[in-house]
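Look for chain A in each of the two complexes below; its partner is chain B in the first and chain C in the second.
The block that comes next holds the complex of A and B.
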């Protein structure tokens, strides 16, 4: 037993890690590597979202706010002060954490759909601020990140694989944090708040404080993804940094995969990103927009068929297989 | 005997409705007090005022020598007042054990210790066989048991039980009565809201009767069932002749 993991699970995890580490060495196709990076990145954002949106069921549709704050903080630090994005990444995380305090204080007054709407507004407001105040951060034109060639200390690499490993590292970090929280008192408190906030308060759960804390953690992680993303595409503007689709994607991958579970967002991202990338490739050129239609149909099917997420399908299948297996001594 | 709970001139209005008007009563330590009255008399509202879910318009609630009006529900629970809800509100997605552990975390953040404390509380209410069952799959009486176990796991000094016997069949009521008695012998102070008169007579030594938000009577079970106002407002005339069987 390591940290409560069964030996067999550790073995499976080991196999998965080896495969993931070896993947960019085997697959050389840059289209495929790009998809892998997107999957890892959005799985990470989903994991960050899931801490608050999944476990505590505080349905945020404004995580783009923190994605964008992370992206802009590291870019400003890099371009104006020459500070490495590696440091800027964590500075962005701290900025996002601090920003989540007033945003949370306002939005957590609301519950359910009203909370979700309020969070959408916060991300939109930030986007408008960055659009209008040009002197501060390049306004609507945005800026390219200066290309320094292969500069690992500035988070710039010639090899696509390097970005793959960073995204993999981020995802591993997010999963480790989720794993630890899930098993601690905080995990129990989060689920309790998600199930029935009043009943949780009645047994001594300080719901406002727990929600504030998990929002800070979730925002911090989301900001790391923002920094990574702009370093990966070498460009930033308000529309990319605070794009509503980031907020949607974060929620969607978790909901499709299974909210409030460790692996839910990962499973959801693998399914959705792969589907959307492949549909784009197969159908994108023949009929414009047809890939989006198919994508939406798949989404509806999943949500109608498995409202609790695909992870349920997998665990049921596992249970069936283990039940059929002979009893171990 | 020391006073565990002193309520003075408690009032709460919802719009034009006076849900609780100028209610005062007190509860001694290690005593079981019942709060009775017809539907809408203000019993549950009183609970909500005491436990911080509503803020009273007027009045004071002093628990173990400290004013608790204005504290948040979780602070009041941490101070030692735990409540159950009229309609059981388990965390459906969690197992029985996880539900109760969530309560136990209030006193100890270590999962192993919390699990141990939770198991004690679960055993106390007689739910050990259902430990791994998701809370949403429990029967009504087991959900009530779970609520009690979860409240007990917070290690309260005073327990407020809101209609724990509603919807139970006669044999289940006997079990619930036994459980409340067991809690009382453990040294807990209990305030219980209940409609089942048979149960109240056997668990409470002191009864407070509310009607239309006001206290209309107070006293021993014997005094209360003989009180004209109580009979008119709540019990119905047949109760006037029922002898009190169980006077403990």
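The block that comes next holds the complex of A and C.
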């Protein structure tokens, strides 16, 4: 036993880490590396969403708000004050955390579908604010991020692989935080709130405080992804930073993979992003609309037939295999 | 000044009539089936495309194409309730929210694939006509849409209050278990409720077509308006939704007049957040939290 992990699981994890670390050394195709980076990034956003949406069942459709705040904070600090995005990234996280306080105070007054609608509205209002106030942050035109060549201290690299390792690091951070929370008192409180908020409060869980805290953690992590993304594509505008599709994908990967589980968002992202990349390869530019059509069909199929997500399918399959194997003594 | 305000109020009331058709649908589904239909706006979009293609292919007037769009969407509603929504009733929030959400995504993106993102409009003989009352200008197409929207809302009210089926629907909305004990078949009532709600959304689409462009995302603004109106008008209350929709139309129109043309959406979202913050139980009180 290491840190509560079984030795066999540690071995599997070790193998996975080695493969993931070696991947960019083996695969040199930049299209493939781009897909890996997208998978890692969206898995990380899904993990951040899942902390609140999966464990506590607070189904947010507005996580683009924090993605955008993270992206804009680090970009403003970099362009106006020359501060490195490495610092800007955490500044963005703090801004997102602070923003989640009033947004949470407002939205947590509602439950279920109306909570989801209120969170959509908050992300859209932020997008419209950034579109409207041109003097503050370039308005609708957006801005390119100055290219400094290979400047690791400013989060700019010649090699695509560097971005891959940053995204991998973020995902590892997200999974580690989820792992720790899952096993702490907070994890149990979150699940209790997700099951039945009134019952949780009746047995003494301070639901408003727990929801506030997890919302802060979730938005902090989402903001880190925002900074990384604009550094990766060297461009920012309100439509990229606060795009509704970020909110959608954060929720979708978790639900498709397995809501409220450690690995669910990762599995969901691998499926959805791989599907999307294959469709893009196959259909080229006539791809508009097809990606989300396929996503929505997968989402419906999961809801109607497998509400526990792909992870439920995998666990069932494993259970069937182990049942068939003779018991080892 | 007074004339400008009066003109803005008239414009707001006219478009508010369309919002009312969408909101009444949302509130009917929420009241009877206890589901928030995220896809309601997309059925307005479908109604608009039906009228658009009937007009361009067969030269049928968009208002006359109501007789096609309403029955088509009624059937769609019955099928959606029977094959999709029925299967998530009684489950927790996640499937209930994300099923209609997935439906909305699906319809928008299918429309994007089939019809492209282009804005399409229809020009009818009454599109440019308008009536004048003093200094106030009332566009003919909007007036026709408003009057028919009010007629349809009135017809729904009569249906809910005088027919057995309507009474069964109201009974299911008030107390599902007791309604079932009285011999009401819930699935049948739910199917009819979905059908009627979608038919109203389809009607809204056909009525909009003479003066509003259609594109795959067009439903979003209507569904957001409807969500605000439904909360303001107390969830599940048809008259409340109607009055709130007209108010929303006027508020939006005043916002556009006095704040700026592109402020319409900001006004809607701010109204949504303010409503949820200060009046989550609706203007008349009642129950919004489930």
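In this section, the second predicted complex is superposed on the first by the 303 of 329 C-alpha atoms of A that agree within 3 Å, B and C clash if a C-alpha of one lies under 4 Å from a C-alpha of the other, contacts with A are read in each partner's own complex, and residues count from 1 in each chain.
One rule holds for everything that comes next: a residue touches a chain if its C-beta (ideal position, glycine included) is under 8 Å from a C-beta of that chain, and two chains touch if they have at least 3 such contacts.
Just so it is clear, the structure is predicted and the values come from calculations on it, not from any experiment.
Between chain B and chain C, whom does A:204 touch in the aligned arrangement: first, second, both, or neither?
Once the two structures are laid over each other on A, A:204 reaches chain B alone.
Should A:235 be classified as contacting the first partner (chain B), the second (chain C), both, or neither?
Neither chain B nor chain C is touched by A:235.
Return first, second, both or neither, reflecting whether A:110 touches chain B, chain C, both chains, or no partner chain.
second
Given the superposition on chain A, which partner contacts more residues in chain A: chain B or chain C?
Here the partner covering more residues of chain A is C.
When the two structures are overlaid on chain A, which partner does A:300 contact: first (chain B), second (chain C), both, or neither?
second
Just chain B (first), just chain C (second), both, or neither: which does A:183 touch?
After superposing on A, A:183 lies in contact with chain B but is clear of chain C.
Of the partners chain B and chain C, which touch A:255 in the superposed model: first, second, both, neither?
second
Answer with first, second, both or neither: which of chain B and chain C does A:191 touch in the superposed model?
In the superposition, A:191 touches chain B alone.
State the interface residues of chain C toward chain A in the complex, per the touch definition above.
Touch list, chain C to chain A: 36, 38, 84, 87-88, 91-99, 101-103, 105-106, 108-113, 117, 216, 224, 227, 231, 262, 265-266, 269-270, 272-273, 276-277, 280, 288-290.
Which of the residues in chain B end up touching chain A in this complex?
Contact set of chain B toward chain A: 51, 53, 72-74, 77-78, 82-83, 85, 89-94, 98, 101-103, 105-106, 109, 111, 114, 150-151, 153-154.
Could you list, by residue number, the parts of chain A that touch chain B in their complex?
Those in contact with chain B are residues 183-185, 188-189, 191-192, 194-196, 198-207, 260.
Which positions of chain A touch chain C when the two form their complex?
57, 59, 61, 106-107, 109-114, 116-118, 121-122, 124-125, 128, 132, 248, 251, 255, 259, 288-293, 295-297, 299-300, 303-304, 307
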